[in-house]
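Data block below; observations after.
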Amino acid sequence: MEDVVIRAIDPLPALRNPILVEGLPGVGNVGKLAADYLKDQLGAKPLATIYSRFFPPQVYVSEEGIIRMVSNDLHFYQPTGAKARDVLILGGDYQGISPEGQYEITHRVLEFCQSLGVREIVTLAGFAQGHVVEEPRVLGAATSQDRVESMKKFGVVFSRNDPGGGLIGASGLFLGIGRLFGMEGVCLMGETSGYFVDPRSAQAVLKVLVQVLNVKVDFTDLESKAQEIDRIAQRIHDVEQHAAGEPAGAGGSGRARDDLGYIG
Amino acid sequence: MEDVVIRAIDPLPALRNPILVEGLPGVGNVGKLAADYLKDQLGAKPLATIYSRFFPPQVYVSEEGIIRMVSNDLHFYQPTGAKARDVLILGGDYQGISPEGQYEITHRVLEFCQSLGVREIVTLAGFAQGHVVEEPRVLGAATSQDRVESMKKFGVVFSRNDPGGGLIGASGLFLGIGRLFGMEGVCLMGETSGYFVDPRSAQAVLKVLVQVLNVKVDFTDLESKAQEIDRIAQRIHDVEQHAAGEPAGAGGSGRARDDLGYIG
Amino acid sequence: MEDVVIRAIDPLPALRNPILVEGLPGVGNVGKLAADYLKDQLGAKPLATIYSRFFPPQVYVSEEGIIRMVSNDLHFYQPTGAKARDVLILGGDYQGISPEGQYEITHRVLEFCQSLGVREIVTLAGFAQGHVVEEPRVLGAATSQDRVESMKKFGVVFSRNDPGGGLIGASGLFLGIGRLFGMEGVCLMGETSGYFVDPRSAQAVLKVLVQVLNVKVDFTDLESKAQEIDRIAQRIHDVEQHAAGEPAGAGGSGRARDDLGYIG
Amino acid sequence: MEDVVIRAIDPLPALRNPILVEGLPGVGNVGKLAADYLKDQLGAKPLATIYSRFFPPQVYVSEEGIIRMVSNDLHFYQPTGAKARDVLILGGDYQGISPEGQYEITHRVLEFCQSLGVREIVTLAGFAQGHVVEEPRVLGAATSQDRVESMKKFGVVFSRNDPGGGLIGASGLFLGIGRLFGMEGVCLMGETSGYFVDPRSAQAVLKVLVQVLNVKVDFTDLESKAQEIDRIAQRIHDVEQHAAGEPAGAGGSGRARDDLGYIG
């Protein structure tokens, strides 16, 4: 078996200066939430499915009883307009489960994307702050000073100290290996506690991304998800406060949500 | 050394529209028990032995002192009758011991089976319920809606929620990778506690399988094994009840067997 | 880098019906002790050095400060006499440190040995009994009934139950993969506690092996080593007895040595 | 993706009898500190960047927000003078993170270095003594007796017992695999506690190395770093003594620094 198997639609579409958006599972699932939401909102169409022996040996079963093997997937969106550029969106169930797997899958997907004309990448990720973040900023990293400057215009924060230890996993590797393919790109990292799935952070990331891509997205559903998570978090907090002998919510909403950092 | 080494009989038999039955060690050893029993009952003949560096580096020693290396094995059965189809049965000592190994072995075995004309697969497995199951149902998953419907006719249950997390290991992967080879198939999962080897669950699975394959099997020996396990389980239960200061069996047979869920 | 690198003397010697003796580190170091002792006693000459990325990334430094990389090594012995057969001895620092590594190294070494004309293998190992064994028996396993019978003549014990779980590691794998090369062979396992290095068990194995090979070996040095280990074991035992408030040696020599089973 | 990807400047420089100096992260970071300092002091120029799937799947982000992928790097220095020989310096972020990775990266880098004309290697490392070493000696290991003797002239200590267990990792492997390429070399090991980064040990190693290479280096900055580490260590020690109810520094400077061995 090849390390990475790519099954694409035939014939492949002719893409106009396509930009690759990567959003795989990771911290707070921020990247995956954002990429999946974008895909759904744009009505992006399936382009390729990616299987690998570096994924877990697992199949999923749908409610109807139909199996599908663990995969990553590429969808594509072709906006109208003479000057518009096409968008490729990479999502999926897992990142590669070993360091070698991470490198192999990233390299093979980029090789395929290069054959489709991709020269630019935006990777999406969460950045774990270890405490609840009321209004998540979007931190950035990029392959060149040019990209840094252009992202600053969209409100992306380039911090001298964050991320101090660098980026681990697909969001960093797509940019790093992308450079070996002569591609340029940026990583958009939504601040998040790191303790739970975070649609609010995904929303912050996506609000930058739509500007980069020059596309329109309705954020209503994502906002609903964010409020749902807020409610769950508040409920857990109330229960914990109650258990600790304090009247529920007594600490005030602000403090209460800070304490959410303790949720496992 | 090749990742997977297949040593087949020479010449290979000409098979009539063969269907592959997979039953390797796993939860409750349900799949392996069912496949091995089917092989013995049908008097299936050896077709190929499969070695791999993804198996443990181990040999077994027979009572006579003869060694054989850890392997998987294919047997074949050719029923009489103009319209009958042949059956291939895959069993063995181990599944691949790493994720990569699982993918490689499955892929290589399917490649070989494809060369034998296989286009359809039935995989056998146990489904761990975490408690003793008096009358195990057979749950299903399939590669297509057609297969789902045809299995329902044999009493297979397609549950909206089970298996929630998908299938991990060979039984899922043979279907998943099988699709890459254009094969269709189903997975039959016998409910089991997950705490001990379960011939009763294997029997439930096999009773569906003989209908799918349109073959006849005498279940006497498998029923004996199931009753033996029942007796062992009852004895353990009695000892535990006794140790806990209750009269043995006082809880009634039904409750007693439920408690078996605690047996390691 | 190739998985396994073999550096042999040039030109290779022409060997007469050579038999391969394998003795790598393992339980009680019995196999390695026996193979190394045989090599030294026969004055076997270096034939090849085997390096592999499946060994630890390590070099040893001699007392003079000279490094050498972790390896396995083949030596050869050519007895005089018209009917004599040559002996190849495989020893070394490590077995492969992963299952794949075990398979790859064994396969590659056997491939090389086949090119030298090897068709027969004797592997040497320890068999852990979990308690001190005063007079270690030599247990056997073989590739054919013929070999079983011929080994019985040398006093090798073929037990219905031992080794119940099979053989794990090089001693089993050389026979198992050897069969894929059409080679036949036996494994000689010296009983040992499994708790310490055991020259006495190595001696028992070697006393069978010299009959198989029809060579002569002076056992004086190996017996000295065995007595040294006996003395160390006795001393540890005395200290422990003393610490436990019993007069040293009070339990009698027999019981005292039985307790050695507890030495880590 | 290739196991190891080397991106070199084009065209490659013509090197005069180049000697390779290896200093990757390891015990006390001694080797890396020494190699990096040498590179900076000599003003060595970039020659190649080495990426590998055996490194962690990680990118670093600079203070300006620019990413770069984890790598090793070769720099070269060409001294003036008719008889001078050129120097290649290998440094980097990580050693390979698996045994196979260690072998593959070392092999591939040496293959590349051979193509540049390298026939001699000096590897730099720390040697953990488990206690603070006031005046670190430089221990040696070499590929030949000739090298041992020539290093003794520079004050390198070849100890009968150290390093007893051999060398694990790149510093040993570059010499071991180097021999397979017909290269000769030495390993210089600075004594260090093993508990913290040790510029003083790096300085000791470098003072030998500059003699081997016949280059000049200003040690002022490295001495500053060493004194800074001394101050930090002293401060930690004082705090600990104080916490233990003793007057700070009462134990005297010598004893105080010995206790530093406990710093994690």
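Labels A, B, C and D are assigned to the chains in the order they are written; within every chain, residues are numbered from 1.
Rule of thumb we're sticking to: contacts are C-beta pairs under 8 Å (C-beta built on N, C-alpha and C of every residue); 3 or more make two chains touch, one makes a residue touch a chain.
Nothing here was measured: the structure is a model prediction, and the numbers come from that model.
Looking at subunit A and subunit D, not one chain touches each of them.
Homomeric contact subunit C/subunit D is classed as different-residue, with under half of its interface positions used by both copies. In whole angstrom, the spacing between the mean C-alpha positions of subunit A and subunit C is 55. In whole angstrom, the spacing between the mean C-alpha positions of subunit B and subunit C is 39.
Multi-chain contact residues of subunit C (touching two or more other chains) are absent.
Remark: subunit D residues 1, 5, 7, 51-61, 63-70, 97 touch subunit A in the complex.
Residues 96, 99-100, 102-104, 106-108, 140-145, 148, 158-160, 163, 166-170, 172-173, 175-177, 179-180, 187 of subunit D are the ones touching subunit C in the complex.
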